[in-house]
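Both complexes shown next keep subunit A, but they swap its partner, so subunit B is in the first and subunit C is in the second.
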Partner chain A sequence: MREKQFLMGNEVLARAARAAGATGMYGYPITPGSEVLLWWAKEAGSEQGKKDGLVFLQAEDEIGASFMLSGAALAGTKAFTVTAGPGNVLMQDAFSMCEAMRIPIVAYINQRGGPSTSTVIYSQSEVTLTAFGGNGNGYRVVYAPSDLQELYDYGIKAFNTAWKYRFPTFVLADGYQAKMMGEVEIYDPHDRGIVMASTERYLLEEKRDRPIDQVVPKPEVHIRVQDGVEYSCYRNCLNLEEETLQVNMEIKDAWDKAAPEIEEHETYGDDRAETLIVAFGIVGAASKQAVDQLGGKARLFRPITLRPFPSAALKKAVKGAKRIIVPESAIAQLSRLVKETLYGVTDAPMIEHHRPSIGINVDEIVDLVRKHHV
Partner chain B sequence: MQETFKIVICGEGGQGVQSIAKIIAQAAFDQGKKAVYVPYFSTEKRGGVTEAFAQIGEAVPAYPKFAKADLWVALSQRAVERIHGYLKEGTEVVVNSYLVKDLSLIARWKPIEIDAGRIAKEEFRKPRVFNMVMMGAMVKRIPGLDKDRFEAALDHVFASKYAKDPSLKELNRNAFEKGYGLA
Partner chain C sequence: MSDMTSPLAFPRCVRIESKPHLFCPGCGHPEVLKAFGFAVDDLGIQKQVAFGVDIGCSLLAFDFFNIDTIETHHGRTVPVMVGVKRGNPQAVSVAYVGDGGAYAIGLGSLLNAAIRDENILVIVVNNAVYAMTGGQEAPTTLPGTRTATTPYGADSHFVKGPDLVRHLNPGAWIGRGITTRQLELRRLMTEALAFVKEGKGFAFLEVLSPCTLSWGTIDDPHATFDILENRMAKAYRLGKF
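What follows is the complex of A and B.
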């Protein structure tokens, strides 16, 4: 099982969902994510797929797909979607509802160029949309893998986070990661001692033996029986300002408790290095190589969760840094999060290297560090 | 062999740019090398220019793109301009001279001209095998790849096509050998 395979990122994502025990996939094709749908459709139609009850549904559009996904998760199905760019925009309506009702959907997002159709391959410009795309007061988890192995690892982990903490959970990749081929180790999570969280008809939380009045937000369920079929009708809107405040604060409390357990980051390089690079995803991978080439001049802080953002760890990492360099394939999306975190914490100047929708090579980062190194 | 050998190939959509790069990267992996491949293309359904990047070596990095190439391959005239920026001192340049007529931009790299379009048409009577000719030429120029094992890998990739039309196997092999011999 420890053998490495040569696979495309989208196949790695699809296999991660399969390994995590997902059974439902609802989507609408878009570059650079369509191969996930293709792989899942084929798997669902295979003998084993049929035996395991896999569902594949290509909806009429991303709006339909994302609400089907939400419904599947509400009904207790471990389900996911994949989308990108304009598709990610369309799905935000359902994702926002998932924040309100804490529906544990999983979405793989393969960032492409923006705004609008733009380019079909690559960018890092869906950070703000993916992390904060709802219409406010919502909470969601966003993982940002940096290579093919992490696509697999976090592709699996996303399901556990979603179902354990009951927040919609995203894996934010990009078109390079999705379309590239390279080596990756595919494993069965059970062999690694990874226990997969159980699923259930979500709002009732029966398996967790949690009284319904302790579930946040407290669901209101109306059971209706028609022609012998039982329908559970969940309330998904609030009426009063006071109630809205109360429910929002309850969800916030739940998030504040969960966030420190969810936050992840990586630091790399000599911690005495003067220059601190903050980068995520595939630019994080390039930065790591740059650190190796710079021989002690620079170190890396790589947020793995973009939400919750690993703020305490970044505040610690910035100590001793004489300058902070933030390279990203977008205009001020990661750097906005960094500034928000570091306000009042450091006097080190921040050099923002914004390259919307274009890759940032290792050499480019090396040059950038050298240019500012005094 | 240097640590990582970087390859860029560019051409018109439909010429097989992505397939060539994928097959080379996969074959390198199968031969025990480290390899990574990434495509770049645009939104056009047809008529677009498409680029592919592959890196092969003993320790290939996670980041799939690079600034300068060791092997640079243009399958069409438009490709020459598109990937011109990936040239450096010492880059090996291979062109499909059937479509790349103006070499002025790349003259100083002394391009290896493979008239793959003409060879495919006239010698093999099958225009589509021009990319097998180009692949043969490329493999010759990539250090550390075993030719026989590469050809065996090709048989594997096209197994289902060969099952339907066994004559394709010999045709592809011959086209590949032809390109290999020319580079």
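What follows is the complex of A and C.
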């Protein structure tokens, strides 16, 4: 099945989860994400939804939703949530547990204004929270789509990444993308040859494809066999510093192996252009149009994964650039990642254009490039 | 057998390799867990139970049994076990939490699970104190009690969990036991677990249990018994609700 439809971003996300084979949605209403709940609630109660065993649960709050989500993933189901802003803050409690025990949850985040309740509309200010929100040295995957089609594509892909690599996985969109309407090609991933990753129960699994202590760090899982049945006991409260070190290093080792396979980026424009724009999400999409208008003056590097950050690719892309411009609807959340990557790599000056919670349009980026172009 | 005629000192589903257990001498948790283990044996559901433990002393039960067990975050075991049950309807999903986890940090999740009539069993071990963190006041601390954070005595308010849950869910299975009466506790435990196994809805069992360390009675079993039976059991009604 392949068709173009005129849809709102949030419906695109909900349909992506459905196409990916998700069976459970655990959420709490929040703007700009609630339409995902509405769509899923309707779908779960439909004839087909019931037949497919879809679960919809509106929780008491985002803490409850995110821990239910974790439980559903422990039960071996593809499950997801959607949230934003203050809800994203509350869900970090569960996301941190998912990092520790490598529980493959999927969360769609539609960034809104901050700090605090702020506006329900738009920002790019949840990069740091979404990518690094846990306590300790957690690892998680963050995709940043730039348009409605990518909401669908990465909305599906997130489930595959989560279950293949067993890291909590996020699709970091924003309120503009969530609420805008546009044409999207809706497809069945199987028709495109996309093989969906299989799931496995952490609790009450009868037959495992791989030992669970190759996924969950060894100090956190205690397995015993009684009468031929394997029983797994998981903990995240550790006794000793050395155990914690081991847990951290096991997770890091798994991440270091997986990250190069997960990293994604897009480059756009003439390689010889003097100005390198680094932008993501909807600002990345605007930057692409700016590149077209600037006739060879600028090119774009757009990280699609904000974590793992496509560092090797950015280091390569920066070669030959005389200046780097980083426009973002936040204060130094993307540019911090860019600086960290490029430390010691280039002498090119960086122009940071920080517009927290304000959309950055094509003309603004064009003017910015022209202003600094010598 | 839940009538205490079992010749076993431990339930069959106990993980012998993790014994001696990690709880303090005189702690009530092992008594509650033993009753739970015998109930699991009686119902023959060792392979179906998903057991969730909270943070606080209950976490020390993470490998008490040969039962698939998940340790969660403080106050978050109820929603995790709700998710497990929703994700795997065949599971007999059990949340094992302390009174702090249930009635303070996790109260919102507990009450809403009761309102939604989630088909899980919640066991609350009520020792009227935050034990793991060093004996601070809990929502269950009885009036006038001195704790680490009520050096002049606790105020007059305390929470009665089963009453609260009954108010929200008329059809739920609700009971309260006490560790000093093991026979009755095993019966309550088996009934609660059977209720959930049969898919009848939300089950809630609170158990009054001693914390000899925080109560300052670690060398005095008579004093422990006295507090449990003559103070706790008088403030907190026992039996089925």
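To be clear about the criterion, the second predicted complex is superposed on the first by the 344 of 374 C-alpha atoms of A that agree within 3 Å, B and C clash if a C-alpha of one lies under 4 Å from a C-alpha of the other, contacts with A are read in each partner's own complex, and residues count from 1 in each chain.
Convention: a residue touches a chain if its C-beta (ideal position, glycine included) is under 8 Å from a C-beta of that chain, and two chains touch if they have at least 3 such contacts.
Small disclaimer: the values here were computed from a predicted structure and weren't measured.
Once the two complexes are overlaid on the shared chain, A:82 sits clear of subunit B and of subunit C alike. Touch criterion met: A:121 reaches subunit B, while subunit C stays clear of it.
Look at A:147: by the touch rule set out above, it reaches subunit B but stays clear of subunit C.
In the superposition on chain A, A:55 contacts subunit C only, with no contact to subunit B.
Touch criterion met: A:359 reaches subunit B, while subunit C stays clear of it. After overlaying the two complexes on the shared chain, residue contacts for A:235 are found with subunit C alone; subunit B is out of touch. Between subunit B and subunit C, C contacts the larger number of subunit A residues. Of all residues in subunit A, only 6, 117, 119-122, 146-148, 176, 179-183, 282, 285-286, 288-289, 359, 361-364 touch subunit B in the complex they form. Considering their complex, residues 23-24, 26, 55, 57, 59-61, 63-65, 67-77, 79, 93-94, 96-97, 201-204, 222, 224, 226, 229, 231-237 of subunit A touch subunit C.
Those residues of subunit B whose C-beta lies close enough to touch subunit A in the complex are 22, 25-26, 29-30, 34-43, 60-67.
Across the complex, subunit A is touched by residues 13, 15, 17-18, 46-48, 50, 52, 55, 59, 62-63, 65-73, 76, 79-88, 90-91, 108-109, 111-112 of subunit C.
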